[in-house]
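Chain naming follows the written order as A, B, C and D, and within any one chain the residues start at number 1.
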Amino acid sequence: MSVSQATARIIAPPQLSRRLRSLLASAGAVLLSLVVGGLLIVIAGGDPVDAYRALLDGALGTPYGIGQMLVLAIPLIIIGLGLALAFRGRVYNIGAEGQLFMGALASGVVAILLPAGFGPLLIGAAIVAGVLVGAGWGAIVGVLRARWGVNEVITSLLLNFVAILIFTYIVRRPLRAPGSPDLQGRAIQPEAALPALPDLAVHIGLFLALALVPLAAYVMARTPFGFRVRMQGFNAEAAQTAGVRSGRIIIGLMLISGGLAGLAGSLQILGVAERLDPGISQGYGFTAIVVALLGRLNAIGVLLAALLIALLQSGGQAMSVIEGVPYAIVIAIPGVFVVFLLIADRLARGH
Amino acid sequence: MRREKWKAVAVCLALALFGAGVASCGDDDDGGGGGQAEGGGEKVKTAIVLPCGTSDPWCKQGYDAAKALEKQGAVDLEITTNAPQDTAGVTRVLAQYAQAGTQLLLAHSTWQDAAFDVAKQFPDVNIASYAFELRDNVAILEEPIYQAAYLAGMLAGGLTESNTIGGSAGQDVPLCHAELEAFEAGAKRTNKQVKMIDTYIGDWNDAAKGKQATEAQIDQGADVVIACGGGPANGMAQAIKEANISGFGYVGDMSSQAPKNLVGSVMYHLEPYFEAAVNDVKNDSFRPAKRYDFGLADGGVSLQLNDDYSVKEIPADVMDQMEQVQQQIKSGEFEVPYEAGA
Amino acid sequence: MKPSVSMKSIAKRFGAVQALAGVDFDLRPGEIHALLGENGAGKTTLMNTLYGMFPPDVGTITIDGREMQFHSPQDAIAEGVGMVHQHFMLVPTLTVAENAVLGERNGPLLRKRDLATVSARLAELADRYGLDVDPRARVWQLSVGEQQRVEVLRALYKGARILILDEPTATLTPLETERLFPKLRALAAEGASIVFITHHLEDVISWADRITVLRRGERVGTLRPSESSAGELARMMVGRDVRLMQVVAGERSVAGTREARRAAPVLNVEGLQSDGDRGTPALRDVSFSVAPGEILAIAGVEGNGQPELEEVLFGLRAPHTGTVSLDGSDVTGADPAQRLRLGLGLVPSNRYRRGVIRELSVAENLALDRIGEAPFGSELRMNRREMVRQAEELIRRFSIQVSGPDQLAGTLSGGNAQRLVLARVLSRELRCLIAAQPTRGLDVGAIEFVWEQLAAARDRGLAIVLLSTDLDEVLSMADRCCVIYRGRLVAHWPREELDRERVGLAMGGASETAATPSLSVASGET
Amino acid sequence: MDWSEVFGPDALVVLLSTSVAFAMPTALAAVGETVAERAGVLNLGLEGMLLSGALASFLVAYYVGSVALGTLAGVAIGVGLGALMAFLSVTLKTEQIINGIAIVLVAQGITIFAFEKLFGGGDQPTVAGIPDIDVPLLHSIPGVGPVLFEQNALFYVSVAVALGVCLLLFRTRFGLSVSAVGESPAAAEAMAVSVARTRWLALLVCGGMAGLGGAVLVLGQLNVFEEDVSGGRGWIAIALVIFGRWNPLFVLGGAFLFGFTDALQIRVQAVSGGIASTVPTEIFGALPYAVTLIVMVAATVWAGRDAQPAALGVPFRKEVSA
């Protein structure tokens, strides 16, 4: 019996159901990562216990704190759902960050330039614009892969750089905020701003995000599309032979994951920054990859994972404030998460 | 059997890797200062939030100024470095401090939206940031570094033999644009034929690109250069060291990076800013919040010359001219033109 | 005479399967020894242990009287054991010489002149044993027969005195087979000991010095051809009297066939031209048509275009020129989805690559090509209950051995997987069925089942195209038969005129048509 | 503007020599990735390996004061991450794409943390630069000389290593094994070439190359470290492998083409201070990515994927069955 199998026995006894095992695996991974985090905290000269306590009540101590955590969770949930679906079909969209920025740009432009007086319609228009442009940006990648088999990882990745450059230009020149000393675009019209919940101070995009979870779950588990995506992911040739049009699936997945990233972007503009601002995202598109994986490419899982990462990061800031522990630790942890998750996961399944 | 052996090796390597990451984190004093000072009487509970590490010139200036105030016993200081770059993230950090009863928040970057958001949520907190609009409890910090750049430009005009000077910046934003324009204007003042090359590399951190940009300017004959932004400045320093030409440091004293080649640095001093803000908080005069703008006259910015500079002699007359103008600026007779660009 | 190899009570278990249960086997210098048995009898497993692919759980292997502990093929090769696998273990993108040096351990460098020496050595061996191949050719450019020669050559190059050939004739034309064995005989004459694994009785009787028969991981016996008959060997293999396969199709009246031929064709194929994966021509001007209620068998040996034809017919590969039409409507440009809808069905030649999805349940696999169609729900919702219900019925009708509809398809045996594929394909409304190698790798029981199903479908009026490399299958199933050679249909007979000799020769390219100049041009190209 | 300032003989020489130098880190990483991919492993961790290599080499050079040791440290950490990638992708056979991304995330976090921990509050630390060495005779060859033979020691080392790896792939038994396991693992295994072992080694080489790239970036060019100093070079390197059709020589060529466009855009700005103000600088910024993207797509569309190793991205499981 090999080392790993031995460990597997310990982590997850074979008699347990597959689902429970992978759940245990996730839990184990999270635990291990927290241990590593603790190690770093000690090195930074902090006390892990206090630090983690600070982390918890920083994130959950007050309504406002909870609200701030949710604000971060919203884009992670929305993008994570799209990526989870795409990854199920083995379409590795690494370009969510760029799609987010393109979506944000589109809805920002709409929310700034459209004449006032539309009220909520303006919000609607802005969001639609964001989704469409995000989806379109994703579709470029989809078409290249579907039509000529161009590796989507690379194309989506390179397009991130391009998207961000386009965004930068717009906020630097045509739509720059008058008087700003830095890269900041104009503020959106007040009526385009998403209303926020009292004392939580979370924009109502939250409900949209939450509503998407069951929807995504349904699409993945109950619809032929979701099933074809899995077929494609498991065995593309067999899927094709059974009449699945892989090209359409690939483009579809890029449209959906791109569109959702675009949606996340437009919510960041309308609900958080309320102006065209490069600060709407710091690698959310990449963090969402972790979320999708940590969530086991399953909708509920994505929801939980997003909340966990959000808790970690918003709490992590509290930690750095209260315990004086460098925030960089928090940047390191998600990656450590995935590594351990991969290991624990494989061990749980055994060879 | 062999497979197990491989696994064992692999595990070791994987662990060793983390080990490396951890071990390399050495063992000196912890970066952020803990808020141990128990209820420091009239001390103002202050926190400074920095967008970068404290070895970055921009952040170091803020860090040092705040530390200085702490030493004077004026403030009871908390520090956050490497704060997240996204608005939501910064908002969280600021909010954390506001929540912890911090009286004065020094948000050391262009964080207007975050500041406004927190200011609305926590009416008691006072915030100073690089905003461009005022709120009752959000004050504006100005960075008139272009004034010092003008003086630097005057020296550059005198130093250049090729009559070509260069400036590279992270982005074409007003802050940098004004700095480069002033540098050019200053140079023109001491040397009519001066030609200035501007390069915007489109990245605040990529020192390699910054270096490349300066080198390209050097190839175009530039023999005195300046930069705007951490990456560009670091790259510039390395480039002039290798080409052994002259240049000016940005925001902080960068002479340690190119001791022989830096004529000096256009310095940004935050002590007066922070001091003013702290005092306003102390005397309840912070609100309605104001625009803190300390130029050359008030010691907010300065041109700090580097004694080790040895590429060539600075012509005495140029030096005198520069010092005169410095006086005129201080006395207000002369005002450095501010060109924010498109 | 002292045996060069002697294996004592070899046992090997894979998970639940006891592949070998204490098998004895010995091999003498200079003999050609046939290892006979059905699929899954353990022939290959036994030889893999001798070749060091994996160690036996129990048992000893002695070579020239010394006991061996092989941990990898390398150890075996070092002891002079060489193996020619059924699916050639050659790297297509490398040259023959490079394939030969692969895995060699002498020195890190591999300069041009090292390869030159190797090529020289190979060339020398080649004409010593008449195994003509060009050492500088890239493997993917070679025909199947040539590739097999490369394998043998490589084994010799690595100094093999004990040569194992796994199903050497499975992929060869009768002609190539005719050429292969004398060469083996020559090798044996020089003192090499040769084992060849097969389930073809003819080869055994005509070429083996001794025969060892395996059944279900046990040795049934070892005997000389002179001491036995085909019938006896078959009985030893299967453990019961084998029913003669011809019966299946023979039950059908010739009248029925004629009437079928009068009906309008369902599938019409005109002048197909297509390339293989490597961009070399694979199909050259292929035309045929199939009528309802008849089986058109297209016989051929591997590497002559059957897979490409299969893919083109089902829309998995686009032809350069030519048309495929179904019930008169042109479907040349249609993708599999559309063809399925028009009533075209496919039993794919590679059932694990294209037939089933291992990670999905049997129930899901049974509904694979009707997801989103009634009765399995709409595009908005799948009806899993219905899926399971129908699955249970199909499992019964096609007697698929499973614990239940939820069992993962990946856990099915080859036979059951094929039953699953048939169940899925035949349970939908079909006009025409393409059955590619439907019985490859199946045991006798499963083969009979598949043939009965196909015959039944034919009798229900389905038009069937049968692509097969198996002569027995062709002879017993075909109502009409073509032979595909180097991408061309080179011969065509109605059932009445079928005979083993003719078809065999045509498959080898030696039929009367095969001699036409156009073909020699073709062979020049490949 | 005066284009002779960009493409005139002298200008061109300078342009080329800078682009070659600045492309080197990317080039090294790309060649390393070529080895990994030819062996059948898609290593997306490259950016992280580059970044860690940069930090490690900087730290050692800074504290020990030896560029040589620093470089070795960079290589070492790269090899370490290569081992992690191999452990996940080859030993545990988890999804390669995901492993790579995880490695990048870890590397980014740890480097920022460590650097701030060590230097927070102090002056921007720098290490001594290394002087350019003019190769006797060769450097006086007009054109080529200044471009290739007036660079610093690390540059020559890099060139040697890069070419060494090409030889490794084309002129050694290991190289042959690499193509074999990348093309048909089963055949390799049957010929006693261990797929696991070969892929492990390939990934160690890949990691080492990326680490070296990081070292060259920091010790050979910048002499300073800062967070995210690798600035996406690792990602570009991966694109360049497809761009170069998995042939290390073409990949090298691609890397230098990329470096050239990058140097070109900065230079064009410098030459025409004017253009920068009218033409948005972002267009210059996007140029290198656009060029890579277009050429990569074109390469795939025309050449198809036949150059791609057949088993790329597919974990190898020994077929143990009767």
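In this section, a contact is a pair of C-beta atoms (placed from the backbone, for glycine too) under 8 Å apart; a residue touches a chain by one contact, two chains touch by 3 or more.
Worth saying up front: this structure is predicted, and the values here are computed from it rather than measured.
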item	value
Chain pair with the higher count of C-beta pairs in contact (A-D, A-C)	A-D
Whole-Å separation of chain centres (CA-atom averages), chain A against chain C	48
Chain A and chain D, separation of their C-alpha mean positions in angstrom	28
Inter-chain centre distance, chain B versus chain C - centres from mean C-alpha coordinates, in Å	73
Distance between chain centroids, defined by C-alpha means - chain A, chain B (Å)	32
Set of chain D residues in contact with two or more other chains	84, 106, 110, 112-113, 116-117, 120, 282, 285
Residue list for chain A, restricted to those that touch at least two other chains	4, 40, 43-44, 165, 168, 172-173, 326, 328, 331
All touching chain pairs, where touch follows the definition stated at the start	A-B, A-C, A-D, B-D, C-D
Chain B to chain D touching residues, read off their complex	3, 6-7, 10-11, 13-14, 16-17, 20-21, 24-26, 28, 31, 52-57, 60, 63, 81-82, 166, 171-172, 195-203, 205-209, 211-213, 215-217, 219-220, 230-231, 234-235, 237-238, 241-242, 252, 254, 256-257, 342
Touch list for chain C against partner chain D, complex	14, 17, 19, 40, 42, 44-45, 53-54, 72-74, 77, 83, 85, 88-94, 98-99, 101-105, 107-111, 278-279
Sites on chain A touched by chain D in the complex	4, 40, 43-44, 92, 94, 144, 148-151, 153-155, 157-159, 161-162, 165-166, 168-169, 172-173, 286, 289-290, 293, 326, 328-336, 338-339, 342-343, 345-347
Touching residues on chain C, where the partner in the complex is chain A	314, 316, 335-337, 340-341, 346, 348, 353-360, 364, 368-369, 371-372, 377, 379-382
Residues of chain A defined as touching chain C within the complex	222-225, 227-228, 230-231, 234-235, 237-245
